[in-house]
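Beneath this line is the structure, given in structure tokens, with notes to follow.
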Amino acid sequence: MTTVGFIGLGQMGAAMAANLIKGGNQLKVFDINKDAVDNLAAQGAIACSSAAEAVSDVGFVITMLPNGALVRDVLLGGGGVAAAMPKDALVIDMSTIHPLETDALIKDLAVQDIEMMEAPVGRTSDHAVAGTLLILAGGTKDQIARAQPLFDLMGSETVDAGGPGKGIRVKIINNYMSIALNALSAEAITLSEKIGLEFDTAMSVMSGTPAGKGHFTTTWPNKVLAGDLSPAFMIDLAHKDLGIALDLANQVGVPMPMGAASRELYNISRVSGRGRQDWTAVLEQVRDLSGLETKA
Amino acid sequence: MTTVGFIGLGQMGAAMAANLIKGGNQLKVFDINKDAVDNLAAQGAIACSSAAEAVSDVGFVITMLPNGALVRDVLLGGGGVAAAMPKDALVIDMSTIHPLETDALIKDLAVQDIEMMEAPVGRTSDHAVAGTLLILAGGTKDQIARAQPLFDLMGSETVDAGGPGKGIRVKIINNYMSIALNALSAEAITLSEKIGLEFDTAMSVMSGTPAGKGHFTTTWPNKVLAGDLSPAFMIDLAHKDLGIALDLANQVGVPMPMGAASRELYNISRVSGRGRQDWTAVLEQVRDLSGLETKA
Amino acid sequence: MTTVGFIGLGQMGAAMAANLIKGGNQLKVFDINKDAVDNLAAQGAIACSSAAEAVSDVGFVITMLPNGALVRDVLLGGGGVAAAMPKDALVIDMSTIHPLETDALIKDLAVQDIEMMEAPVGRTSDHAVAGTLLILAGGTKDQIARAQPLFDLMGSETVDAGGPGKGIRVKIINNYMSIALNALSAEAITLSEKIGLEFDTAMSVMSGTPAGKGHFTTTWPNKVLAGDLSPAFMIDLAHKDLGIALDLANQVGVPMPMGAASRELYNISRVSGRGRQDWTAVLEQVRDLSGLETKA
Amino acid sequence: MTTVGFIGLGQMGAAMAANLIKGGNQLKVFDINKDAVDNLAAQGAIACSSAAEAVSDVGFVITMLPNGALVRDVLLGGGGVAAAMPKDALVIDMSTIHPLETDALIKDLAVQDIEMMEAPVGRTSDHAVAGTLLILAGGTKDQIARAQPLFDLMGSETVDAGGPGKGIRVKIINNYMSIALNALSAEAITLSEKIGLEFDTAMSVMSGTPAGKGHFTTTWPNKVLAGDLSPAFMIDLAHKDLGIALDLANQVGVPMPMGAASRELYNISRVSGRGRQDWTAVLEQVRDLSGLETKA
């Protein structure tokens, strides 16, 4: 039986801790919200009245907290976890925090001879309850192997992101893309509604095109990712169509700040001589603006 | 045998006209580029030296031109098509133009007792060649039925968009979404590359989440579209994660103008009291900013 | 006595026409709003029932209309002005329209042997009434000289913008800058209010810095405009400060989309190796993105 | 003679410390860059080899460091200043840092019975050398009075920003406005250049309008600030003109992300029913989006 100190029993943490208990582990739990602690105790956990108490004599310390400042405070600041925990226990931060904070924590704990890995999670609280989270593991192969039995109780899939700090990085990329896409989708569908289209018509068209399926698996693989920028659909035409959409949106009254921003990226692409390249060349353009080497 | 006057033999039009010929129709073709006309003539079309000539004695007039100003000029201006064509022929504009220009053309041609519908196309020039375009038909049921045999030669799928002007509207929505998404994808992947992630890792994670699959068929149906804004993933957390991604991008040097714009939409959502609503509520927020009624 | 055909008697045009009458000119006026015509007639103008009627036997034709499509329609389309006016009268469009539309009108009227210049106006309707508009004259030296007596009645200052089409261009630049600046000012002052600053404190500080005085006459002349990019204040620090402001705004709930967009421009500047250049180098950066040659 | 512990002798700090010495104060200086310390020692300062050493037996501790994390570390972390300094000395942070970090530092030092105020500076390193900085003092009246003699040596003007934490806030607002305005100016002038205007023409026009003079002292006082939203220049027209400018910029190839963002703000304003209000109403709109009460 493994003993786990679990700190942070909110919407996510409570469900994850419960699944660890169900899987046969001993849980020592702490949260500044006493009700949350009691709730877990009722499910078999040992209630603790401080983070330090929760990490004495454990094999793992798991944190599932709102942000990086709190994780740091719990581990290295007032929370006193680093001082109170066994040196050979593995710290696993599963919160979504700033990757540079993760890097700093790993480094600062290493100074105290404590190993830390990160394993932020994908999906939602429903999946936390069901034990079907996506675990984005950032750590050494050894660390991931050691934590795997726990991951298997909380999630249905573990991705080895490629090393320490890579788990939180892929998490942030994924969230960036899905959260911004959510807002972009809202712009498109609101315009669609305001110009009188049936929702189902718009959906059925978009579900069959990159608008709904994304570009990663449709337009990109044979074009920009394969180094082929000959146009299936030109940057110039894409730029024209964005201009039409934005003009329409400004006439009928749908604010589309993301679309407006994207148009200027295509504008830059044209100035850079990409007007007659394939629209997937916008990736090359952003890479260029980021100082990465490009093909054309 | 149907006779079709086809104007605009570029990357798209040439292929579409060729497929109409192969399907047994007589084509009278015109383009300001004489080579393009000769090319089609070599495939069996009747070469014409003006748009007006191309539309005499035809059953359909199809335009496939770069923009709305040209379509107007060809049909109602110097091109003289409206004056030269039979009153009972059907004009089908298949170009991607501004929907308000489409509306105006339909109205202005109606004054001259000429019927016009629009049928812009989805997909790319490869599909034009293969005859597998997506036809987004905007017209009356009768008009669509009349044009259907032609559409079937140029495309593999026809969507009845719901009436005159709706075809070009759904086309613009679809292009807006896919073109802006293309740029957003470029931001995400460039950040991913610049922070040291393997492309395959990022791809494999995102292909299983709304980042890669989009929201229309994943997060939206049971939440905002069903009127349920209870949080599976909160606006507050989404806003936090965007902030992390943007901070990271600004530290490592990846410009993400679309992400920056989206963060301000979540910012507005929070001010509007949506912080603890589900992230799909961003649709409600954009609808609200557009003067549409919202639930919360 | 000069006879002027004046078309478009709205908030601006009515006052401008009135000032021309007061200055001793004979005015023939038309507007689709009959009340507007009557109103001018009461002040001594000849009321006309069409644009064509208003331009017969005049020395000048002035248009002051909402947008370029209407100007074109009045001059060359249904309005029939070009056909009805004397060939030696000078057309002066004083509306704010798209410069490319101005260019096209000048060209299309020239084909009919009619000279046109543009003279859009700066300032507001109060100045139109007072006869103190800023006249941004785009035309040949001869055209401007010919129109000058009229300009002097409508405005207090005439700028020779440098040739045909330049008047409307400088108008658009000026409006772009002042209109966007208005929105940016709103972002800054709203944040100021929301973080508890007295309006007077913020104002008194900013009125003494480039924030209030602008950059054209303060930071730019001795730096970027003089080719000196050695840092008085570094791009890196400017980028840092923007990040602080945006973080603060996102914490307290002030949407600042313009600030967010500007941060990405500084982000790009840093990637381009300008981090330790003077902040005025952002001009070089935008010039670079626009394909203009830069110094560094 | 006052003794001042001065930490951070970079581009700004070195000059400011030198001016304090010239004014007759005894300076104890520290910087992690030993050359910077030696340099000040050559001008009469006492060179110290740690921050803690520099603050023993002083009346004031001044920090002028790159960012808030460093200020915190110097004062409360590894730097050990709080522990080493006399309890009755006054800490003055003159760096530009995040206001919430300033608030936290004031609070955390108060726990140790140490008073801290902030006094970030306006203007540039040239002014630091000349002793003509703008001092934005955030503190109690007593604290400001106490520090005033030092401020008078470093700057030519002190603004009492209204209390603790207000100095850094007005600094951030001012910098936000001037830094973003710098980028906006770059967009406008680049477009101006690319459409063939003489720089002097554009400048001379803009220097006489809100484009060059700003809105705070021109359009706002009698309109939105006076509660009068009757239109001198309508939101609808402003929105139209922005659209023209952006269309032009996208045709000639000048990326204007800030202008694009601002247009969407006017778009929102129109949806909110402000189309016929004065353009200064955009302030009301941003206030509204920020949850502040508005007049209309």
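Just so it is clear, A, B, C and D label the chains in written order, and each chain counts residues from 1 on its own.
Everything below uses one rule, namely that a contact is a pair of C-beta atoms (placed from the backbone, for glycine too) under 8 Å apart; a residue touches a chain by one contact, two chains touch by 3 or more.
Chain-to-protein mapping (UniProt): A, B, C, D = 4-hydroxybutyrate dehydrogenase / sulfolactaldehyde 3-reductase.
Please read all numbers here as calculations on a predicted model, not as lab measurements.
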(request) Name the chain pair with more contacting C-beta pairs, choosing from A-C and A-D. (result) A-D
(message) Taking the mean of the CA coordinates per chain, how far is chain A from chain D in Å?
(response) 34
(message) As a quick test, compute the distance in whole Å between the mean CA positions of chain A and chain C.
(response) 46
(request) Please list all residues of chain C that touch 2 or more other chains. (result) 247, 253-257, 260-261, 264-265, 268, 271, 289-291
(request) Would you identify the shape of the chain contact graph, picking one of line, ring, star, complete or other? (result) complete
(request) Under the touch definition given earlier, write down the residues of chain C that touch chain D in their complex. (result) 66-67, 96-100, 122-126, 134, 136, 157, 159, 161-162, 166, 169-170, 172-198, 201-217, 219-220, 231-233, 237-238, 240-242, 244-245, 247-248, 251, 253-262, 264-266, 279-280, 282-283, 285-287, 289-292
(message) If we count contacts the way the header does, which residues on chain D are in touch with chain A in the complex?
(response) 239, 243, 247, 249-250, 253-257, 260-261, 263-265, 267-268, 270-271
(message) For a test of understanding, state which residues of chain D touch chain B in their complex under the given definition.
(response) 257, 261, 268, 271-272, 289-291
